[in-house]
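There are structures below to look over.
What follows is subunit A paired twice: with subunit B in the first complex and subunit C in the second.
Moving on to the complex of A and B:
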């Protein structure tokens, strides 16, 4: 049963649920985009407030949820990212003819889904939160429904998400057949007792495929570039950061509890997925002319790096993956913020060529842009570098040399296309950037500045953040 | 009971294959309903009569009828009347009927069989289901409520139309003639 005391630990989730309903009723009373936006940000801030004031201990909230330090960290990260994305959304949708208010309900619900996924301790709660996230995302991707590309992307995501969910469900069913348990703690007690059999391995394989789709790891990555380029920039940022991060954390919990990684075959499957994600992501990005597709390939390779931390199977591995998630969230949010910043009446500037000569017309923005690119590439003094550094350290600690070599080589390949963007910006030509929405949105500028400071801060003085992860 | 399971599973598989290969959407629905019946029989023999009843009432009953209703509403016009005349030729309904009869025989057999009482299958009744739904799993139920809000808001946004516009696949001949 649920006790009142236990409910205190899921206050952030309850606040989000209430917030979604309140925002919906508010729209029914009065339609106003700015008001709705502020209410959404307030919801996230109140949830964050409850999260910070929670006692720091690991608690089971019924069988379904388990609130621990990883869960709390991820919840905080998701809520902060959601605030940033909400800030992006107001100026972005200002020029659109679409009704803007429903967007925020869906955004809150998608955030609720991913937050619940991060603290899920049970197959049932995971699957429901996964569905909550996916259903909200279909509508968010296709939000600008008068553009055929956006509806096409929504349909693609719908099919992909359905396939992924059915794989995950079938995998869970097979695991349940063998173990008879659906909560992760029960699975832990099972795995210590007996060895794996064929059905269990089949269940693992199905689950890995499903998570591969969700996190866009190679060879399940094909949907990513299409959807990133067609979805509105803030929504693309949501998919690239929050939904992947939440899925990753549950994957981490599942396999660390279940002990599947000790199996040679499971480990090799994950290692193969990680290796191919790192190489193929970077390789496909090399000649990419479309900035949003380039970010998609970049995020594929980043998730590959993240898997190296996951495969370390150690506390260090968890800690480094969490730090990497933080750095990745900051960089990806910032780059999508840049795209939002430069989108104008005619839509987003998604070609790299559109940014030609930016450095000479808007040096400050170009500098921020460059730092973000360097952070994605993993150059020292930026968040991306330290993220990779910790992942490498964690991998070194457990002697996974092969993966580390792949990580180093593939990130060198990736450096090429990140720097190509910088080179285009630096070329001495007339900038063709016309009117853009960023120039008259104070909040957007503020968000970009905060993310810029965060990227540098993470890269120079990470210890305060490491303390926060404190696992 | 194993035999019943395998027969129902084959019926379910066959029907689902027919669903995805039919050209006419109403015919596909006919098979989908039979497939849901087959799954319901599987639930019944695995000792979950409550879920089996829900499967029939909610899926085969409510949701399928809604689907059918929506499709019938979309296909207004003289053309669709002509189409509907050829909807129910004997060739179409024979196979679903045969499959339904197979399921019915299975069900009658299962009811009459005394082995169900002595088998290791544990029967879970409605009280137990509702106890866990509103006991330990109440948060999951609440979360499902949020899922429904997401679905409704999303569908409302995507489906809202000021001007009537048909997708090119839905345009029938008479709307082109106008």
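Moving on to the complex of A and C:
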């Protein structure tokens, strides 16, 4: 039964749903990009307000949702990221011909889908949330419909996401066949024994494929560079962070609850995916000239690192994964902020070469850019370093040395392309990059400054955040 | 006011100054730059003095004040804490760093006035003060290392400060590189020592390590000796002691205030600080302590010989710094820890004064550094003359009236009378004391007496005079806070330090009384002064033209610092270069090139999969599904 009290725990989600409707009605009354943008941000802030004021306890809201500390952390992370992305969107779309207002409805809906994925406790609620997210994303990716690349990317994503979802559904169906259950707690009670039969394992394999696609792990990663480079920068930021984080958290719940990872072969399959993601992601980045594609490859390897924390199968593993998500979100959002900043009438500035000599014309921006790159590469005193460090510690605790070696070696490969970007910025050459600044939005700069401080803060004084995610 | 709550301000303010100057240096009006640069250090000094008074009046003996700022990370039982730790030893150091630092910053505001990199200079200097404060205030090996590397970095940046289009740009850059590389040898040794300590005690906390070490290690056990020796390596590099002393004379390429602050008063004494901070490890390794004493004694002798024949006034002071730090090492080696720290403080006063004085002279004489082209400045620059004279008297340790006498005398006495001392150490120390007096007054007489040879282009202003006067007064009266034992027991400084450091153990059967040795030391110093007067001072002194009565070979041998540079060049650099030349095309390179090639090949291979064709991408998903099904179902 749904009680009013239980509804309090999904207030953030309810607020998002109402927000989408309100924004839609607002547009019907009067079209105004700035007003819509502010209303969207307000929606997220109100949702965040309800989230913060929730009692800190684990609660089932009907059979469909389960709100616990991981869920709350992820919801908070997604809402904050969504605020940042909304802030990016205003200056980004300012120079586009398209109608700008409907974009925000889609953004709120996609966020709602992601948040619900993070607290889903049931196959049905998960699949519905996933579809809410995916359908919104098709439209978002193809939002700049006058550009052919944009439409192409949206179609690609549509087809492949459909394939991935069908894998997930098939997997869920197989699991249901064996267990007769669809809610995670019911599955937990089932999984205690050794009764992992053939069909159940096949179900696991199918779900892994689907999730592998959503999180862009190899060999299901092929879509990422095309989609990232064709989608508008704020949307690409959304795909790179929020949609992956939400999928990861449900994967975590599913496999930790079902005990699937105790199954040696499942663990090995995941380890193989993680290993190949780390290596192939970094290899692909090596000679990449396009900044957005570079981020795509970088995110493939980062999700690989994240899987190492996941595969530790321990509380430390969960905690380090959550910290890693936080560090990863901050870095990726910051770099998309940079791209947004340099996207004007002439389009986005996405060739790495375009940033040559940035340090000498815009030292502050270059410093922020450098810190982001160092954080992605995992250099000490940045968030990225501690994220990797905690993952390594968690992995060390379980004695899975092989993955740790892969992590260390592949990070070294990655160092090459991160530092190359820094080197390009530092090279002493006249740069005409100033002409590409789209709009000198104060909010955009503020958001980037906050992310910059966060990256350093997490790298130097992480304990405050560790307490927050002390799951 | 509770000190433990404001301690963080002391290092923070210089950091703030650095950040402001580094990021907004170009936008700040020129007049404001020295105000910020000096102001932050000055406020730090004031807070230090308040904290010091508070500490002295309230604290029980051996008290420690700690301010826990935050935990950097914590894994199981292993923590890295960012904690500031104030005890008697660090109090002395932070006092010298902030107080002398303020005076030097003030001096620089005039000295560097016409330089293009005015704000850059103050930014580096503030960063240096911050790092040095972190170094002496930390109670955690990791944080100490941060400070240690921080000062090394600032030293590098400031030695190579004149890097632009000046005629010496290349030489300066090379000097900066040399200092960085040579100290790096020591740093490597030190970090290995830290690893050993962390491995053994499983903590980074220095007090805990010092507390546990005597319970875990027996005296002269292998690990104790190894740990002490490795730490000593770090100290030798930073403090420019044998065999790593070669970088300091070249480091004079930096501006004079830099030499005063970094290469005289503070950074180069970090080695002494390290030894004293970890004294219980050295007490556990008597054999290493003997080495410390021997290195100190030999270094001070070698360096004072070299100082005798230098022509460049700053190089005289550089060699003199090496030799004075040699005295501190000697004191540490014979277990007279507080005497070493006392000499450190007095040395900081008079050597900073001498470097600043030399800087003022160089500025006055159009950047002329050759003493043989100076002369006759006594009447023209009276303030500089008198303060320089005070500083020189302290360096030469003229008996009774100078602070240097009291601090050096204590070291000489312990080198003889301590259980760890020996007559040989005393002889080396005393002979060098004589040489010190000789080269010091050679410098004074060459610079200020005789005929004027170079026109004065810049007369010092107040910002130069005030620091000189304050330091001059301290060089004379600073010694009275610690009188020798036979002068009646008045030794508040030593008593203060002995709350945390053990006093030196005296040999019961010393045949000679302290008074006799003091007499000898006093006579030697006066003899040096007399000789210098005869050779360089009095009217028509012949040596003003022909210098020391050495044969040219000996003179050039000494002038080059006993040819250590050449020795290292032959022993290490050339063989290394030769070896790497003939070994250029070995298989090892192939491995690394192979790694690069392999990764690029991989890049190429996988890049082909990113061809933008949807059907290929779907095949990828299909293949992946197949592989995963196979793994899960077949294994």
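By our rule, the second predicted complex is superposed on the first by the 464 of 471 C-alpha atoms of A that agree within 3 Å, B and C clash if a C-alpha of one lies under 4 Å from a C-alpha of the other, contacts with A are read in each partner's own complex, and residues count from 1 in each chain.
In this section, a contact is a pair of C-beta atoms (placed from the backbone, for glycine too) under 8 Å apart; a residue touches a chain by one contact, two chains touch by 3 or more.
As the structure is a computational prediction, the values presented were derived from the model and not from experiment.
Chemist: Contact-wise, after the overlay, does A:34 reach subunit B, subunit C, both or neither (first, second, both, neither)?
Modeler: It touches nothing on subunit B or subunit C.
Chemist: Per the contact definition in the header, classify A:401: touching subunit B only (first), subunit C only (second), both, or neither.
Modeler: So A:401 meets neither subunit B nor subunit C here.
Chemist: Have a look and say if subunit B or subunit C is in touch with more residues of subunit A.
Modeler: So, of the two partners, C touches more residues of subunit A.
Chemist: Determine, under the contact definition given at the top, whether A:219 touches first (subunit B), second (subunit C), both, or neither.
Modeler: second
Chemist: Applying the touch criterion given at the start, work out whether A:453 contacts subunit B, subunit C, both or neither, answering first, second, both or neither.
Modeler: The answer is neither, since A:453 touches no partner chain.
Chemist: Touch test for A:142: subunit B only (first), subunit C only (second), both, or neither?
Modeler: After superposing on A, A:142 lies in contact with subunit B but is clear of subunit C.
Chemist: On the A-aligned overlay, A:423 touches which partner chain: subunit B = first, subunit C = second, or both, or neither?
Modeler: After superposing on A, A:423 lies clear of both subunit B and subunit C.
Chemist: Between subunit B (first) and subunit C (second), which does A:164 come into contact with in this model arrangement: first, second, both, or neither?
Modeler: After superposition on chain A, A:164 lies in contact with subunit C alone.
Chemist: One more residue to check, A:132. First (subunit B), second (subunit C), both or neither?
Modeler: Touch status of A:132: first partner only.
Chemist: Quick check on the complex: what are the subunit A residues that touch subunit B?
Modeler: 1-2, 10, 17, 20-21, 24, 61-65, 99, 102, 105-106, 109-110, 112-113, 116, 124-125, 128-129, 131-132, 135-136, 138-139, 142-143, 145, 154
Chemist: In their shared complex, at which residues does subunit B touch subunit A?
Modeler: 135-140, 142-144, 146-147, 149-151, 153-158, 160
Chemist: What part of subunit C is in contact with subunit A in the complex they form?
Modeler: Result: residues 70-75, 599-600, 602-603, 606-607, 609-610, 612, 614, 616-618, 620-621, 623-625, 627-629, 631-635 of subunit C touch subunit A.
Chemist: Report the residues of subunit A in contact with subunit C in the complex, numbered from low to high.
Modeler: Within the complex, subunit A contacts subunit C at residues 155-156, 159-160, 163-164, 167, 198, 201-202, 204-206, 208-209, 212-213, 218-220, 222-223, 225-226, 263-266, 268-269, 272-273, 279-280, 283-284, 286-287, 386, 389, 393, 413, 416, 460-463.
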